[in-house]
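Just so it is clear, A, B, C and D label the chains in written order, and each chain counts residues from 1 on its own.
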Amino acid sequence: MKEITRTPIVILNFKTYLESTGEKALKLAKFSEEVANETGVNIVVVPQYPDLLRVSSEVEIPVFAQHVDAVGAGGHTGSVLLESVKLAGASGTLLNHSEYRMKLADIQKTVKKTTNHKMVSVICTNNIETSVASATLKPDFVAIEPPELIGSGIPVSKAEPEVVEGTVDAIHKINTKISVLCGAGISTADDMQAALDLGSDGVLLASGIILADDPKKALFNLVSKI
Amino acid sequence: MKEITRTPIVILNFKTYLESTGEKALKLAKFSEEVANETGVNIVVVPQYPDLLRVSSEVEIPVFAQHVDAVGAGGHTGSVLLESVKLAGASGTLLNHSEYRMKLADIQKTVKKTTNHKMVSVICTNNIETSVASATLKPDFVAIEPPELIGSGIPVSKAEPEVVEGTVDAIHKINTKISVLCGAGISTADDMQAALDLGSDGVLLASGIILADDPKKALFNLVSKI
Amino acid sequence: MKEITRTPIVILNFKTYLESTGEKALKLAKFSEEVANETGVNIVVVPQYPDLLRVSSEVEIPVFAQHVDAVGAGGHTGSVLLESVKLAGASGTLLNHSEYRMKLADIQKTVKKTTNHKMVSVICTNNIETSVASATLKPDFVAIEPPELIGSGIPVSKAEPEVVEGTVDAIHKINTKISVLCGAGISTADDMQAALDLGSDGVLLASGIILADDPKKALFNLVSKI
Amino acid sequence: MKEITRTPIVILNFKTYLESTGEKALKLAKFSEEVANETGVNIVVVPQYPDLLRVSSEVEIPVFAQHVDAVGAGGHTGSVLLESVKLAGASGTLLNHSEYRMKLADIQKTVKKTTNHKMVSVICTNNIETSVASATLKPDFVAIEPPELIGSGIPVSKAEPEVVEGTVDAIHKINTKISVLCGAGISTADDMQAALDLGSDGVLLASGIILADDPKKALFNLVSKI
């Protein structure tokens, strides 16, 4: 299991873009590793399930799953078993992404299982209230992403700075060990800097890098002012 | 893409058993390949998504996914993209398994996409009525599995032979090109033989082999009377 | 149970518009009854669950539910039990509306239960393929509504006449007893007439009437050329 | 809107039992009202959606819905609109029942909407962790119900008293205004007394009363020792 020094952190969600599937997932992960090595920034890549092994066996940076289901081992055809993504090299997972909202009971069960397996958990949330509720479940990270800004190119750190600050404050009142990430609309070095200035420990992003003309350059730029 | 000579066929669903996850998935797939080579029976293995590449790169028999989501490429964090499982070596997929029932509109959309990608589709069903409805969507296979018999050890081919025969008859009235598989409770050579005698083209099974003391032996026995 | 003479039929879906909730649901149902009485057209109203009793006890035209869940009586908090909507006066139900897509297995189970309870079933579908699959389940009606046209004001009978005709043809090859309705974008007498000319037995509509400045007048106009 | 004096409170969930549907829902609500009047205990009845109006127009005790969906007014066929259940006489609603688990984001959205509409919210939970997370969302009540005890006849107040006490303590650390209810397996006066002794403000129950030979008598007994 690769360790994550927590701050600052960039989590790159590959989603289901063709630009980050199969061999392209590996290429993007390699770029990410190069940028991480050159800059010293912690970069985590989050490929699709079928690409986890391909990526994790070729890069040294942390590899997370995009989701795991709240099922145990057994008769659960089609479900995503935590043990399976772990054996494929994932050292953590996103949970409750805006494109895959989860039931409260399943988030709790999954965070707990993630902890038991010494994996990192990142609960994605949509506002301060759900961020606080999520924080009580003791994940490693809460990633606040106002849904209306996802994929918009308008960074949450600029459009709704009070949401990021409010989330950081509210979460740290509950548990100072939980790191807050800032998502939605992040793509530039200024967005990244603003996110850190607001008290977050890093960013969760996707299209701003993956769909860029030159993803490696975009990623390098993103972390250039840290 | 590996071709499937259709009859008889054995589809081995790895589900989310720990006994068929990670390295154990590969081992089970290797056993399956050996039995396929020794007996000439078409055996398809169906590992979890993170194991698809690991398995498909090491065996020559067909590898299917357990499910794919009805999403296109793009912003769909956590979803299972058909293109992704295909690039990981899957040449087909189960759909609508009893442990992952799908919406009608999603089954139709997914079967169509599967065909467009020259992949094999297997729609799982629970009775004659849903089998007929599924057959109109032109999948390659319909696998009839009365839910009450799944994992029971009681073979559908013995407990409800009329369901298998009725399904075969009803589906062939609609489209003779669709093959019918028989699932639920299958584990022995007699079960397999009974399934074929009832007009099916093979079986879909899981625990009877995967949880056997000696899975390779169990699989060999299964196909020994064909 | 109020009987439905099948052709032509207008099913008015109240959805969850405030304009058709509570006392306004009753008012809209009264309007619908008046138009039905004045014109002889079969008009069915489809209010929300909490309004079923209020409406059904005050009008003589048929009242349908918007959906019923595939559950039996028992411990199913929050689910919509068929027996419950029936006791509240519903003589039929929509199923699988584009805003409430259902699993294939649940559609089959629910249509069967609807028939057993001598209630009318209307399966909503999105294209010819799912219409044919639905028709094999023997509902009373299939309502074809291309999702992209719902609420668009562009009538399916004009935008995609081949979908309506194709659905009518394909369904009648399977079962001539199943009536086909035409939904999505219907609001005028011409839309209604076009729907009937294409071989459908009527229409399923909502916003075109409910959100009209004068719903009663809009409904009267809709059926004025039949 | 009927007011709820909070302590002690008995919430009687009608679920989808035939014994509490239609006219039988009204009868059971009348019994509940009689017991409430005779004993002074706050009893809330929770019928199915189609029975809300029938019940609320005939009894003076509070009537809650079993669930409301996280949708606004508009095009949401089949969904349960908060405004609709309110207009049918519901003054509150259960949320996230174990038989209808909700997504975290939907619970938050719905609790907020419930508050805005001056309705009472009861979030059902399965353990201390999800109870605490729920409490941060500021519902009126949290009802802790270990799923394994629901319908078991084994009262949570006896089987897992530490879960009830732990929930009460943990919730009151966050917000002393939130009342805790105790569910699962409650049916006798001793169960009720134990629930109150453990610090809860009342109980949420169903089958113990609804399926009793004499529901009125069972309900009367339940509250006889308070």
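Annotations for the structure displayed:
Quick note on the criterion: a residue touches a chain if its C-beta (ideal position, glycine included) is under 8 Å from a C-beta of that chain, and two chains touch if they have at least 3 such contacts.
Here the structure is a predicted model, which means the values were calculated and not measured.
Where touching is counted per the definition, the chains common to chain A and chain C are B, D. With centres taken as mean Cα positions, chain D sits 37 Å from chain A.
The distance from the centre of chain C to the centre of chain D, with each centre set as the mean of the Cα atoms, comes to 34 Å. Centre to centre, using the average C-alpha position, chain B and chain D are separated by 44 Å.
In chain C, there is no position where the chain touches two or more neighbouring chains simultaneously.
Arrangement of the chains shown, judged by which pairs touch: one closed cycle in which each chain has exactly two touching partners. Under the contact rule defined at the top, the touching pairs of chains are A-B, A-D, B-C, C-D. Interface residues of chain D, counted against chain C in their complex, comprise 13, 15-18, 21-23, 48-54, 66-67, 71-81, 83-85, 87-88, 90, 94, 97-100, 150-151, 206-207.
Those residues of chain A that touch chain D in the complex are listed here as 96, 101-108, 112, 125-127, 129-130, 132-134, 136-137.
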